[in-house]
Structure formats: C-alpha cells, structure tokens
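The two complexes that follow have chain A in common; it is paired with chain B in the first and with chain C in the second.
Now for the complex of A and B:
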C-alpha cells in the first residue's frame, strides 16, 4: 500500500545513529565483561561506562559523579520523584508539578498521593507555559519537590526552567525536571539553571532504547531506587547495561556537538510546515508556543476530524506521525496536555503531532504537504460534525 | 488485481481471524482493526473480555501472520453511550437487553463503517456467520442465514440498513465452525484452538448484577415478589437481578416451580407465575428495521424468533398505527422478554425485526 516512508515521529523515538551502533557493538560480543569484575575485560567495561558518564555530565554541565544510569527516562522520573519524596518525608509531604507532565511524572505523583503525599498540579496558559509566579505561590513550608518538565513531549513548549530553578533555589526546595524531550535539542546547564534532578532517555536523541540517566546534584538527598548489588554507587543496583550506556554516551556527545547546526535545519522544516499547513488548510490551529518550542515539534488540531483516522490515512501514505504521545496513541483518549491548554474535547481529538529529526529533508515536507490537505478534506467530507458546521453556515447566509 | 479494500473487525478470536484470511485469499486488500470499546479488565489476569489487551495481542499476531496492516481503534466513548448506558438503563427499566444487537447496529455497522469509508475503504467485514445477497428483482440487499444453521448469527444483525448491507462482507457465511477452525489451523493462525466466547464482552464473570450496581453506584432496591393475582410471596433483591422465564435463583420455596412472568419497574415488583403463565401468544415490538421489504404494509406470515437461542415459531406480523407491530404466534411461546429482539424470517431470509415492548 505504501510507496514512500517518511518518519515524522522523532519525539516518540529516533533511529540509532550508525556511529552510535558502531560504538556499542564490541560490548556485546567481545568486551562483554561485567563492569563490577576486577579482571581485564571487566575493567574495560567499567572504563567505557565511566567515559559515557563523563560525556553525559559534559552535555549537562554536571560532574560525572552526579550522573546515574537507569533503564529508561520513565525510571529516572520515578526515581527522582519517589526518591526525593521519601528521603525528605521529615521535611514535608507536598509536591508541586504541572498539569502537562508526561505520564511518567503524573502517574508517579498520583501514586504518591495515594501514599499520603499532597500534590499541586499547576495549570498552564493557552500556549502550555507554566508561570514561575504560580510556582512561587504554590511553595509551602512542607514542599519537598518541584517537578516541571523541560519541554513538553506533545506540543513542544519549552518551560522557563532557569526562572523556576532560581525560585526553587531561593526557597530551598528540590527542583526536578523531566528533560527527556529537551536533551540534544536545547542547551542545558544544570548548575546555571538551578536544577537538582534531571531525567533523560537515550532513544530520544539517536541512542538506544532501554537506557536513561538521572542527574542528581551532589548533596541532594534521594532514596535508592533498586536494591541489590553495589552498582551506581549503591544507588541503582543492576548489572550495568554496558552496550546501551556506551551508546547513550556516544549519542549525547554527538547530539550536543552539532546541536546548533541541526536545530537550524529542524527549525526550517518545522516553520515551513507550520506556515504552509496554516495557509493551505482551513479550520486548523497550531498548539503550543510559536517561538518557545522544540526545534522539531509541530502540533496541529484539525477541527471536525478525528486524529485517529488521520493517522491511519497518513500511515497508508507512508507517513509516520502521532496524535500525541506515543505511549497513549494505542488508546487515543484525548490528550491531557491539549485539554490543559484549554482545547475542547472534540478539538483535542483531532490533533496531529509531527516531530522532525536529522534525517528529514525539505522533500519530506513537500510530500507531507502534498498528502495532508487531501486527507483532511476527505475526512471532513465524511464527518457529521463538519456537515453540521457547513450546514449552519449556509443557514446564516440565507 | 485488488477486489477492493476491506477493513476487518478482528476480535482476536477464530472467526474474525479466518474472515480476514479468507478475504486476503480472495484478493482483497485487507486492513485489520480491533475496536477498543471498554477499559481493560481491572482484575489481573481477567482476559476473556473481547476488548482486553490479550484480545488485541491475539489479533495483532494474526494480522502479522497474514501480513496485513493492523490498528486498534478507540470506540470507548461511543460504546459507553450507545451500548453500556443502554444496557444499564434497560435493566433498570426491568427489561433484558441484547447489547450485541446495539453494538452491531450503532458501533460496528455504523461508526466503524463510517470510519472505514472515510479513510478510503470499500467495505467492512466481520466474522459473523451470515450471508448477504443482492436480490435483482427487488433491488434490495438481503440478509440470509448462514449455511450452518447451528452457527447462524442473523438474529443479532437484523438492524442493518440497505446501505450498511451493501458495504459489508461476511466471508464466513458458508462455513461451519469446524471448517473455520480447520482453515485457521491450516493457515497457521495462532488462535486456531481458542475457545469460543459466549458471554457479554464487557461484563466480567458474566455478573450482570454487580456490573449494573457498579455503573449506577448503588445497590439495587429490594422489592416484593408477587403472584399474578398480586399476592405477596416474598422479597426480591432488586429487579435488575431477574429476567422473564427465570426459575433458578429466586430464593423462595413455594412448594411448586415458579417462574418470573413480568417485571414491573414502577412498583418495583417481580411477578411470579406457574409454568403455564410464562407462555403467551402475542407481543408488540418497536424500533423496527426491515430488510427484505421496505416497509410493512399489511399482515404477513413469518417464522419469528424471540431470543438468540429460541426456536422459530409460526407467527403473523401486523403493523399497528403507532408504528409498532403486533406479533401473534400460532402457538403460545415461552418467556417473551421485553428488551430482547424479535426477528422475522421467511425461509433463510431475514425479513426484519424489532425490540420487544411487552
């Protein structure tokens, strides 16, 4: 059914770069030693892991001793939030987060509510931005953690992280940020931005799946997450996944190295897509902030159609896109992010997220622009909602 | 050459899997979908519900085996409104609904069909055992019984319109269940030996009572069991727990077998009667759909079926002024149940049907 394949879902995952794969391969079959072993191939694994740690630290402006490898971004989020909450229970039981966090954060907070913690879910404005003033006003004496995502996975909005970090620092409250979408796309400096805890995930920046990291600023108290051996300084037991950790290190190094150049290209693809779609298709809105957004992120709502049908038709044309976060696109309930920025239920249903990556070209945008207007038109022609809308317009004209 | 594009509703069971395989073999471009219609089972390991995760996994494995694209479509909101709410309200009204008929009518052959057509499909298909034929002389699509009478499912399909029938394929209409299983095994489909589902797909453990009280948020209100003369015989657990014709589970010892004859939601009473009193000769039905004829102009002779598993009975269907019909049976039939459907047949052909009022 498909002739062409255009991948426009890089916020969901990215291909592993060839250089990354190449760096990983020896650690499967030749340098397979357990990093905890004292003999040569064990030491070799340990060394590779520490080099990766240095690369991650360098990308974040952190010290290598502040980086802990995890099994995923979700794990890093869980660890940061539960770990900070449990370790500081004596201080209090209040957590501040936002309404548009990834489920890895939201559902962890909801879990903690059932455990007796109190959570404030800050609203966002119509662009999806958290107000630093709201953060300041929400802080209580018993607040132990603020967790605000760096950039949103659906609408790409980049939060005022440094401002929030400054407030958290002044008030002496730990500040965690889920930076899974930001790493490799946005300049990050944990010390300059007042970040105490930061989660990241390898497969979002051309690294492998199944590996992430948590930055824990030196001196920040969090409980250990996995109990077992003494890996990761006893904080996260598990035999280290050396090939994946090596891949993550290589990927973050490359992503940081050519970030500016890549971003220029992504912004060009993104802005052309936004401009052309808004021009060519009626009844469409751009979700998120026009400027403060991730370089590769586009998120539209097409009125009178269902995102689900749109995705199916794009897939049949060989275009891989999503309606929101990939984690929920199997179910396609309306996005909590779009509802939080004030979209009505039925408009939130008709959303499309396109996220560009380094292998995309202007030809991909050409193809998208060739295919998308026809699909939207067709779906609207079949939509009872659109008929009503057009019908009511006719009545008005009469 | 493709014979057209078909969207097959796949439940992960044998029938819909074989339906997809047959259509692919006949040269259609097949896309498989599973309708997600109800939140996943809350119980760990509760896996017999047809929309559960394991159903999706099974359907996906079948689609992969067949090499067809496969999607999960979200129908949760609509299913809740058109099927679950209907199902719940009917029970609260003392009726016994058939949710499969509502699902077929409003979900599969209406919304799914609309969605399929809107994304460029020519047909939808399901694994139902039934046949569709176009009758040139009448200029109408006919719904006919499956060739295997034991598997025939036309009873739950009588609500289909001409447009829906014209866009629907039932590839299993000429199969027996055994043949379907054999074909599944031959094709190496991973579900060939899966047991048949019988229960209502969204009710766990077939426990209607708990399902409805869970939806309503309170326990059913107990009331009186009375006999046909109005004499109080005992206390019942709430009308949602009973259906016409029921004998077991009444919790009474009256010295002779007693059956539910009538449920009255207004007085919250359940009327019990003897074996004879469960039989009656006529019913009225509304919410009618006719297939082999455009409308009912005058009385017609049919074979009528009042439940999925009931026998066909000779009857006369007469139109009433109210737009309803009166069905008069030649011989009294057992346990005519409001909320169930009555379906009319002429030989193998479905004439039409409606929902029993009383």
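Now for the complex of A and C:
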C-alpha cells in the first residue's frame, strides 16, 4: 500500500476548508429557501447571498453591486468575453488576448472568430510574460476588449496587470482578466489596476466546485449571459446556488485574510523544491519566471522523458501532480503554454507541474525530493533519447 | 484509465535494455509526438531468441513495448511480422481509445527491427517497405482531424 499521499495539484483544485463546509451545510437542509421568495427562509437565503457578495467585493476592492455569481470560472470567462464582444459590436470586432490563456478564454475567442470577430493572440517572452508595449501596439480603433490572464495556471507567471489596465483605460478599451489562479494568492484591487471585468472560481481557493463570480465594473456594457428569471439583476438567470455561494464567500474571506502568512509558507516550499530539484537532477529546466510567479507554483521540464510516465510513477508513490505533455492534455500536442514560451515539443512533453497548498509541509517536499530523482533516473534509463556513459557524463543520442 | 495489465507492464516492464550484438535494430516514432521506441532483436536461425527495447513515451507506449517484446520472443521472424497492433493491445487487456496509436508504434518497431535484420542478411525487404515506414506525427494529426 501507499506510504503516504501528498497532494501537489492545488492549481487544479483544492480541498474545501472545514470552516467553509460548515458555513455551507445549513443551506442544504434547513435554510433551503429560494432567494427570490419573500417568506422567512427565502429572505434568509437572500441575506446569506448578499453577505457573500460583500465578501467577494471586499477581496477585490469592488462594490457588491459589481459582483455577479456564476456556475464556474469558465462561465465567468465566457460571459465576460462574449458579453463584452456582443454588447460592443457597434464599436468594433477586434479582441486582444494572449497565446497562453486558459482554454476557457482561448476557445471562447476562437468561437468569436467564427462569429466574425478578429482576435490578436499576443506572444509571450521565454518566461511567459506579456509585454504591455505589445498590448498598446495591438490596440486598434475597433478593439472592444483586452483579455489577459492575471496569473498563468501552468507556469505561474504573474502578468503586469496594472500596467495593461492603465493602457486599456487610456485607450478606452475594456480590460478583462481571468484571475482564477490569482485570487487568494495575489493582492488584487480592481480599481487600482484598471480592471473592468474579472473572473474567479471558488474551488481554486478552498471553496466548493461549481461556483464562480464575474466582477463587472459599474457602467461596463456586457450582454446578459443566461436568459430567464430576474436573478443577478436579470443578467444571469437561474435559481442561485446558495450553499455554493455561501461557501465561495467564506472561502474568499479566509483566503484574503491570511494570504500573506500563507504565501510566505508556500514560497518557502516552492523555492526549496526549485533549488533542490535543479541541484539534484541533471537536464532539468524551470519553466516560468523565477520571481514573478504564483507562490505555490513549480513547473519543470525533465529532458528525455515523457510527462505522463512521470505522473503515473509519482502516483504509485502517492504524489498527485500534473503535466503539460500531450498524453495528459488529451490531445497529441503538448501544452500550448509551454510551446508559447519556446520549448521544443520533446521538452514540453517532459513537463511536471507541482502546485503547493496550505496543507503541504516541508516533510512533503522531503518526500518528493526522496522519490523524484529515482523516478526520473528510471525513466531516463528506459529512454532511447538518453544514454549514460561511463562516469557521470551524459550524452544525448539524436 | 489503464487496465491492471497495462499498469503492470508499465511499472515492471519486461525486456528493457539493449542488445549490443543484435541482428536487428529498429527505431520508430518521433520526439515531437512524445514517443520513440527502439527495439533490439537477437535472431538465430530465423528465430527471435531475445528482444529488448528502450522507449520514450507515455504509460501505454512503455507497456506496449514491454508486451510486444514478450510476444515475439521464441517466434520466427515470419510469425513476428504477423503480430498486429490490435493483438498487442488485446494482450494488455485493451487500451483507452486515445492511446491506440501507441500500439501502432509497437507493431512498427517490430517490423523496423526485422527489416533491419533482413537488410543485414541480404534478404530483399521490398515487401516490408510499407510496413516499416515509421509513423509520423503529422500523419496522426491529420488522421485525427479527419475523424
């Protein structure tokens, strides 16, 4: 049996905090009222939802009236982009985004291209950073939206959001940011950063799955997403998922409350992992920026091996991680993010993402460092791309 | 997602390594696609007496390499040439649909290694050219788009 279980995939999802679950539970069985009903348990649900809205707004430096609850981060991205594009069609049909966005943004933009919009996909540098100058240069008279993610889900690079927001504001173009990976990890202030639209997702910061939110700055024109009842001021119809919304509110409150303390711990885990792996294992590179990265994010490429094999072997040792290899992406191409930062295909196939969370400890890092070098060595010994010569000299056969 | 048998052949692959004095060596695949298989065959009197492999690839690629080498050991080269990717996948208790292309790699590696053996023996390999053409990433991409 497994000796232990070490979860290192917090960018994928996080466990629900016990306090969050506790806050949610009454809304399933006792306080089950529909928030649109006028009797007591209905009013109670409405009140709980509005309290959650205040908490989300407080975490972002927004007004509660600017927060709309959604069914997920993906929904918030879809709504922001399609909503802004359709509502401003008279102004133009041009959208600016980056090559390393999450598929929730990329595939939405591709959909809009089929609908007649034009999309500029800005490149990133080798660290995964978008250049604000590139954003400025890409803006046209008919540009209706700029959508640049706050922090990348794979390589953790944090974008110069405030600078891009400033440019967007000067040019009078709406600025959306997919902040799904950033909320709870990075200080966010929508007014200070010039953000008009921001997407977030509850399960990335110890809240429940199936709930997200979209911040829409007052006065920003977007079309409604769901048509039906008058929920969310008629912008996003459907009976509100009160337990999930309550959970999201509690989670974002806790995540922002102890952010600094948690980040110090996460950065210590992250940096030790980076330093030790680079020291102990040859032919490995760190993907992403060393400093400008999410506190819990580590992303390596191990040359001459393939990511899925690495994940399977880590799983056998009880370590849960992810990879950008084709085999794990469900397609035949490796991650678009790793290709965008210039990695050759074969190096992108050998990527490993480890994302730390608040329950991880230095003992988890010890354990990872104990098993990872052996696994990499074992897979390399099996790889025709790698051949170890006498001594410690390694050569590559091409 | 993988059967127990696939996981067994992945975690405990049979016949990993090289044969220095192999009579036939074949390499197929492409690092761009994320999998390469290299197969070594020791052949005596037309019988495969030993087979070893080295593979860069996913769990299915390693498991099919392992199973393919097990299946051809003790067989004549003619018998080995008849082994199909489907037979390798079946022997492993099946593969997820998206991983079936990995089993093609095993079939092609066997054929590439035998083709090399034939060449070294001066046996015409015209009838094998098509079989051991080597799989190309772009072909698969195209095939998938056509689906």
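In the analysis below, the second predicted complex is superposed on the first by the 376 of 398 C-alpha atoms of A that agree within 3 Å, B and C clash if a C-alpha of one lies under 4 Å from a C-alpha of the other, contacts with A are read in each partner's own complex, and residues count from 1 in each chain.
In this text, a contact is a pair of C-beta atoms (placed from the backbone, for glycine too) under 8 Å apart; a residue touches a chain by one contact, two chains touch by 3 or more.
All values derive from a computational prediction rather than experimental measurement.
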Touching partner for A:346 - first (chain B), second (chain C), both, neither: second
First, second, both or neither for A:383, with chain B first and chain C second: both
Between chain B and chain C, more extensive residue contact with chain A: C
Which of chain B and chain C A:304 touches, first, second, both or neither: second
Partner chain(s) touched by A:183 [first = chain B, second = chain C, both, neither]: neither
Touched partner set for A:312, first chain B, second chain C, both or neither: both
Shared contact residues on chain A - chain B and chain C: 306, 308-309, 312-313, 316, 330, 332-333, 381-383
Residues of chain C defined as touching chain A within the complex: 2, 7, 10-11, 13, 16, 27, 31-38, 54-62, 98-99, 137, 140-141, 144
Residue ranges of chain B touching chain A (in the complex, touch as defined): 29, 36, 69, 71-74, 76, 114-115, 117-120
Chain A - residues contacting chain B, complex: 1, 306, 308-309, 312-313, 315-316, 330-333, 378-379, 381-383
Residue numbers on chain A that touch chain C, as the complex places them: 304-309, 312-313, 316, 325-327, 330, 332-334, 344-346, 349, 381-386
